[in-house]
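Two complexes come next, and they have one chain in common, chain A, joined by chain B in the first and chain C in the second.
Up next is the complex of A and B:
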């Protein structure tokens, strides 16, 4: 019963997403930012200035690209939109927590994104021969586990921010704050190992480096598996899951759509 | 000040963003590498132009681009088209989002500091202002060009995402990138003309002539965006038809 529900939900949202293929293309194009950092760092490496070789940078930033693509979320936009426009009323009538609907929307979209990622991977491998190497099943699986957790954490953060729409007119900027922190501290600018020691030590307790650096370092073989990273990531995921449940409990009562 | 809380958060975000971008530059220079052979204070000038462009993007372009796609969706674009004013001007000058203001201030601060540290003379400052205006104009034309696609596609969100990541890649001088990327960022995406060229003009390094092309590219993109807007409107089937 539950499984059938989940299957239907995923199929529906996959179909929705197929409608927006053109947009997803633009979206992925926008996600190419890590490759610019790759271009700058591998140039620095070519001139012999930094820790890793150009190929290692290529490998790392490709992994960063994939990790980011798999963890993209927009639950904040969608949910606050539902609240503002009153669409939430319809969803409340159905015997399904809107959180699951949103989660299915996100997971279904990954199904559309995956083939495009494979194509980009192929192009990348052709452009930078030798940059992509098989990480091995173990590293691949661990990296996927890390990126799944990272996706869930990002989702619960975004959903919590979306839930703030019960109280605030506009919570976009709060998510922007989170997004900016992720940009700078997740290892997208450069591998975290290049950051000053003190900064690294503090960052390891925050969720940020584990969102991108943890899976990317595993996939690219830059660093071995780090159990503490998983633990920190897992705890933060639980924290934000709890926060989103709490906000939902508290906020539901405040919701008064048009005509309700 | 309807959105006072949002404004306060935006202030925080803009400070963190600026600090983070400076940190990004620092990471390169701390290893002894000079981005494209630019001394750090001159590289900061490029970063400052990127922030300036980004601020205008948040201040004017994003709110108006959103508005355009909303008008297409609910059919209110009809009312604009009926008005006896230029429709492109009207749809792109309707709204202003104060959230961009802290970004504008910080961008100006970075530009001011970088200009001072690079020892710009009066002529250099004049060029800095003029080239900055040219860069903003160029990005406007580009943003409008992409926003026009919302006549066919519905979600504008992706276009905004695409443009802001382009501005992201503009924060370093293009010479810092390996050659194929440099060519790509000059000839395919006009990133070179957005920030590197203005900085070269302000520094009086326009010897080769390449930076001057930014004005041509800006005007060209603007003319193209106008033509494309008119073309797209032919496909706009209004609310009731």
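Up next is the complex of A and C:
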């Protein structure tokens, strides 16, 4: 029964997201930020200032781009909207935790996003011949596992922020703070090996570097993939899952079903 | 006596609402020191509804009807008092109970806007753990009763308001709930669609022995479906009893309609009762029941009439008076 529920939810949410395929395409284009950093670092490499060659930077930042795309979430926005508009009421009436619906919404969207990523990968390979190399099945699978954990952690953080809508009128923008931390400490701006060692040591216990850097390091094969990253991601995912459950339990009593 | 399907016991709900003055200064004050007001939306409302009963839930806007329904369906937590549906606390959201109840909100939609109705029904079937073959059978049955079989493959956004409301009903009833809470189910629908929804609800209730608690601003809905009404005003229960009793209790008058042979001034009828309509050939009076015989005899003696009819006043008028009085 659980599988049937999951299958139906995913199929319908995939169909729903297909209706917004054009929007998703432009959303992906809006996520090309890593390529700007790639251009800057490649130029520095050409002038001989950095560790890697321009092609290696291209490989790294493409992996960063894919890792980022697979971890994109909007649960903060959607849940906040459900609370504000009273749409949550319908989901409360049904024998299914609304969180699962939200999760299905994200996973269904990945089904639309993935083919576009493949096309972008093709274009990238044509523009930068030799930049993309096959990482091997093991690294690919490990990178996907890291990326899945990164997605789940991002999801529970965003969902927890969305749940704050039970207390605040609009909590969605709090998630921007998370995004800033991800931008600086995830390896999106630069490979982490270029950061001061003391900073690296501290960062590796936070979830930020593992969100993007861990899968990117595994896929690009350039940076040392820290196995402890899996444990760190897993523990932080559990922490934010627990936070979201607690916020749900405390917040529900404050729900006024406005507009419903 | 069977256990009640719905029980409200001293049910109360108080909301704390932030208040803000308009303008720049008001915004600054609101930012520095927020002021709140407590709104007692529902105050100690108690009633029981037996299994299979259909009850009309009446009250003006802001009376607390919807808040009561939200507490009875477990959407919000009562500030005090007890809500029970089929003996269970709806706020706990036990799956077993959620499979037995539904809430239809005429001003809200659960259907997925950009997808065909059938996709929403597929989700509901999965969520309520109804095998798809069974769900298809139920869909066909309900769609036939509602007359919407043709539109199930169309995106929801392409449906007319009436079609959408019927599809909403279908989605809300796919799991065959035993207890239905209906909040303005015919809101905004044209007369034909209202009639169709009423007929459907009546048929559903007869077929499945369901319990219905229904709010509506259209008295025709209440008259067609409910034998008992509960009236609340400013969060307090005003009346709970048979529909006929409401008229008896709050309308100690009859409506007298006249069709005159020649126009007469409104002032000529003032001594007979409350003049609701006059000035032309048509006259409508509300006459106290005790005086009715004498008034009719006098009207016949003093005016040349083409027609005269005596009836109960329209329910809308009775309800309007109840709300205007605000007390029993």
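Brief remarks on what is shown
In this section, the second predicted complex is superposed on the first by the 256 of 260 C-alpha atoms of A that agree within 3 Å, B and C clash if a C-alpha of one lies under 4 Å from a C-alpha of the other, contacts with A are read in each partner's own complex, and residues count from 1 in each chain.
By definition in this document, contacts are C-beta pairs under 8 Å (C-beta built on N, C-alpha and C of every residue); 3 or more make two chains touch, one makes a residue touch a chain.
The structure displayed is predicted, hence computed values, not measured ones.
By the touch criterion defined above, A:86 reaches chain C but does not reach chain B.
After overlaying the two complexes on the shared chain, residue contacts for A:5 are found with chain C alone; chain B is out of touch. Once the two complexes are overlaid on the shared chain, A:174 sits against chain B while remaining clear of chain C.
When both complexes are overlaid on chain A, the residue A:243 reaches neither chain B nor chain C. In the superposed pair of complexes, A:184 makes contact with chain B only, with no contact to chain C.
Touch criterion met: A:30 reaches chain B, while chain C stays clear of it. Ranked by how many residues of chain A each touches, chain B and chain C are led by B. In the superposed model, A:145 lies in contact with neither chain B nor chain C. Within chain A, the residues touched by chain B in the first complex and by chain C in the second are 20. Those residues of chain A that touch chain C in the complex are listed here as 1, 4-5, 7-9, 11-12, 15-16, 19-20, 86-87, 89-90, 92-96, 252-253, 255-257, 259-260.
By the touch criterion stated above, chain B contacts chain A in their complex at residues 2-3, 5-7, 9-10, 12-13, 16-17, 20, 23-24, 27-28, 31-33, 35, 99, 153-155, 157-159, 161-165, 168-169, 172, 176-178, 181, 185. Listing the residues of chain C that touch chain A in their complex gives 15, 66, 70, 73-77, 93, 95, 98-99, 101-103, 105, 108, 110, 112, 114-115, 119-120, 122-129.
Residues of chain A touching chain B in their complex: 20, 22-24, 26-27, 29-33, 35-36, 39-40, 42-44, 46-47, 49-50, 74, 77, 168-174, 176-177, 180-181, 183-185, 189-190, 194-195.
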